[in-house]
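As structure tokens, here come the structures.
In the two complexes that follow, chain A is the common piece, with chain B as its partner first and chain C second.
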Partner chain A sequence: MTIALSISDVHVTLGHNHVLKGVSLDVRPGEFVTLLGASGSGKSTLLNVVAGLQAVDSGQLTFDGVDVGGRPPQKRNVGVVFQSYALFPHMTVGENVAFPLLAARRPAKERRAVAAEMLALVRLPGMADRVPATLSGGQRQRVALARALAAHPGILLLDEPMAALDKQLREQMQVELTRIQRKVGITTVSVTHDQTEALTMSDRVAIMRDGALVQVDSPEDLYRHPVDAYVAGFLGEANLLPTSGGRILDDPLGEDADGTAVLRPEDLELVPADEACPAWHVEGTIQLLSFQGTRFRLELLTDAGRKVVCSLPTSVDASSLVVGTRARVVCRDPERVHVIAAPPARPVPVAV
Partner chain B sequence: MPSLTMPRARADARGRKPLGVSRAEHRWLLWPPLIFFAVALGFPLLTLVRRSLEGGGAAYADAFEVPAFTGSLVRTVVMAAVVMALTMVLGSLYALAVVASPTWLRFGLLAALVLSLWTSIMVRSFGWMLLELPRGALHWFLDLLGLADEPIELYQTTAGMYPAMVAVMLPFAVLPVMTALQSIDRQQLSAATIFGAGPWLTFRAVTWPQIMPSVLSGGVLVFVMSLGFYVTPLLLGGPGNMTVSGVINAQMNQANRPDIGAAMSILLVGGTMVVYLLADRLFRVSEKWG
Partner chain C sequence: MSTTVGRSLGRYRAPIVVVAMLSSLLLIVPFLVLVATSWTSGSFILFPPEGFSLDWYAEVLADPEWTESFRLSLWTAALSTAIAAVLGTLAAIGLTRVRHTTARRWIRTLFIVPIALPPIAYAVGLYGVTVDLPFLRGTLATLVVGHALIALPYVFVIVSGGIARIDPALRPAASTLGARWPLILWKIELPAILPYLLSGALFAFVVVFDEVVLAVFLMPPGEQTLPLQMLNASQEAFSPELTAASTLVSGLALLVLAIVPVGRVLRRRAGRAASPRPAEGQAAPEGVTP
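For the complex of A and B:
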């Protein structure tokens, strides 16, 4: 049942706003793709385009190679988990789950059977006669998921599925949702602004910005090889330093820089000031040291006025790291330095 | 886990104090409305009760002896029921139109509703009278279209009375339904569409069940208020359509039997209260207006 989704060169204008500016994306059957972006980046609009709730100005949308652009939402056979879950409050859980079958005029007996089967899938067996108002947030989300899957849709769309849950439950449901998605094997497109959620659940993540896709890659590739500074900063924390001819420029402000090096805080380590050091290293004044449970977070201000953040294991001797004193950090593995072909933004002068 | 948290939750509930300072300190806030109701409602009602009991309760028996009374009672109840049914249907349609309209039209529809609420019932009834007179505005308009040669016979007929009464009562049926419609999550409608429901099934299975309680409560309110109709049926329905209020007025002012008039009033108020309390129990009317 699961399908391949292809979006090509889709443009959407809402009022005077050019919300989607030529978006193209191919999703393989059974793949889990997350659209990640800040609010207003157009990710929800793109999801609505796939669902058929948003008309497009131009562009093509195909399911398994068949153009569905002209099909109303009712005929697209998609399942959606809405941000508010949008459960019908006057219906029981079972009636909610079986609603797609009611709309398809299936007999009551089949509706009950499917509702029971779907509730078992989302691990809410025997809840069919409850009312949504009596359920917890996590249970409501499972019901919404069961309803979205009830009519065996070709594609599952998730609109900020975890937004209404608290942090602990969110992590639990991310694992649960991934388990169900893998089990059903359904093509899934999710929308979120939560990078952890995107990295945890997806086969590929599509970063959106200002109505366009910036980069579509596996979570690890996005993290290790971001195409630009925006992606580097959006996923996790990154030190962006000017480079010239593939070498990191230490102190100059990057006047003749032709690229940007992306250094992740956890790839940096402390090195004594007197030790000879062949790999790239930098010295600076300690601005901040904070204990974060599993790591120390150290902020250095280099002499050129750039901030460098390092994440250190808790095994380091923190007593020597006094704010205001000098420290030197090194990136020993050159493989960990990723270079982008555009120079970074000039540092904002910091008063010392 | 539950065995650990439950006792603590119970202890919290036991230790909960009422909000604010001690109860005696803000109880005085209750006095102004209580005094107002005692003076404006309790006192006249008590006077009526005393009046009606002057003859030792005989006035109640006499009330049913007045031939116009039983007839008007049946007529009033039927009239209120018809007005209720019509306003429920039209009010729901109006509320749906308001919610579904683009902004400018919604503003117009709401303004029309609120303006009619703000206008005196007397003025509105006279307005309908000018419209319905044999050679009134309606006749003039139809004449303009070449459709009316004879004067129209609508004024002071049963048919002429209903449009005006429905117009007077419409806002009370529209407002609660509109509130209910606005509180429905838009994503529910999107969900219904996504899961294959057409407009009719979406309305029947999603929208209607969520607004029905408000439609009912609006209807009950209109019914109760319509039991007290006086001016509009008098002006537009003519003498043949006299309501209970009209008969009471006749007893008080023309027949000079204020005791019978008082007894009838008590019966009307009592009946209305019974209807309202029953409806409140069944449909929780007061919650929709709180």
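For the complex of A and C:
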């Protein structure tokens, strides 16, 4: 297996903050990897390390097997799309896109040709003479992308590429960005705190927490098989319940538990009152039932004070679900139940 | 903005507007009196003036003492403004490279100090330099240096303010695109700073052009800048020559200050098609032009 980008055991300290604590990550050629984490998790710092904008305390960084740790950003051959897009306001769109060629002292004719070619790639043909101030947010992002790709970099880095766009445009640009990335076939590392964005665009997602990678996997594996409660709760909604010997164990302290079951709300269904208890079931008092268009959202509170959220199809008979009454829910497909070896945290006491 | 403020004033609106109008009169009336006294056909500065003539203007324009001092002021002020513009801009850009917050705060304060210190401090200090370095005696070098020192904070403050409004990601962006620092400075940072640089330099020029304390100490004998010439004229004979010269200079200053907004409007009009920077370059100069 070839590796386009290899980060190994990178440590970064900013002031008294240990921002990156031994991060290692390998990215395959043409792969789209997203660094996903809350703010302050060190994901942007890691991106800056790859771009050469942030010095490392220790650790190794190789592009295609070549050590680039000592190279300045000018010599790394990376294209970066910044969160603010960082378009040069006094230059036209064409001059912006052709700037890497200007820096490389290429002739004006070639610069114009490349600018036109790149703008066609991002579907902004004929915009070369406009200035950035007259463009919309989505157009600016495309220009920033065209500029980042103009010098044919080995690696494309995206720093919160959608943060400055509104929601509708964001979804549109996610599709567009993925199209361009696939077409160019460029190895890409993106940074975001938006889980939907990470799941839709990436081949693999790396979850970061407190300066370390928690789990790196395909979006589906992350969702189905989270390594710990943090990842389970970070991607989508999850019910985390203590288990013991293949059953859910709803005791207040969770002392006898040997693991945590991750149950996704959409995998749970109601158990009729006359049915015997199946394996992965949990019982509780109905706290809330709300209609959400395509699904019902049902919230139970177990006897030990744990909240369980279920997403039920609208075909369910809602009349029997009265707030304050008892209900049992189950996950019938054992494949859908993921068990983490560590027992969960104790439930937060809920005032009844 | 003004309309919302106006509305929020409620019933106090009328008195406040009256006070504001009176205050603005206070700013302009002395100048009008000055202009009027220079029209006199008598030989004293009096208000209301006796009769009307432009004789005193002819007198000033024909007198080589006035025209020479005007020329001298013009080029020494231009020279010290140029020095201040270069140093102030470099200082402002350099300060962004200082990572340490406390150090940055101290350096910033240091560069603004000349506004707070009385000019006499620089005058006395530089006078000492002329005494110790005889080859400077009789030259205008110390005066130009002194004026550049006084002008520097104005450029520094305005350019620093401008830099703060520029996207901090521009420099890293340019460097990942392969640009080294000279290219980044010339093609990215200076063009973005230019409007602030120009308005800072203009402000500095106006301040230095009027400066008289340093001139008193540092002018070589036999030469006079315009403010010094005016000071002397006011002490010798209280002649309408003085007010005529003041009017001419003030007129010129108003003309220069008027060019800036007119140029801005033209640039904006042209900019509909071509020019970048819609709001950035303009707000600060408006705020600072005296």
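Note that in this section the second predicted complex is superposed on the first by the 341 of 352 C-alpha atoms of A that agree within 3 Å, B and C clash if a C-alpha of one lies under 4 Å from a C-alpha of the other, contacts with A are read in each partner's own complex, and residues count from 1 in each chain.
Rule of thumb we're sticking to: contacts are C-beta pairs under 8 Å (C-beta built on N, C-alpha and C of every residue); 3 or more make two chains touch, one makes a residue touch a chain.
All figures in this text were calculated on a predicted structure; none of them were measured in a lab.
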Clash-or-fit label for the pair chain B, chain C on chain A: clash
Which superposed partner A:Phe88 touches (first chain B, second chain C, both, neither): both
First (chain B), second (chain C), both or neither touched by A:Gln74: both
Touched partner set for A:Ala133, first chain B, second chain C, both or neither: second
First, second, both or neither for A:Arg295, with chain B first and chain C second: neither
Common interface residues of chain A - those touching chain B in one complex and chain C in the other: 51-53, 72-74, 78-80, 82-84, 86, 88-91, 99-100, 102-104, 147, 151
Interfacial residue positions of chain A with respect to chain C in the complex: 51-53, 72-74, 76, 78-80, 82-84, 86, 88-91, 99-100, 102-104, 131-133, 147-148, 151
Contacting residues of chain A [partner chain B, same complex]: 51-53, 72-74, 78-80, 82-84, 86-91, 99-100, 102-104, 147, 151
Touch list for chain C against partner chain A, complex: 167, 169-170, 172-180, 183, 187-188, 191-192, 274-278, 280
Chain B - residues contacting chain A, complex: 185, 187-188, 190-198, 201, 205-206, 209-210
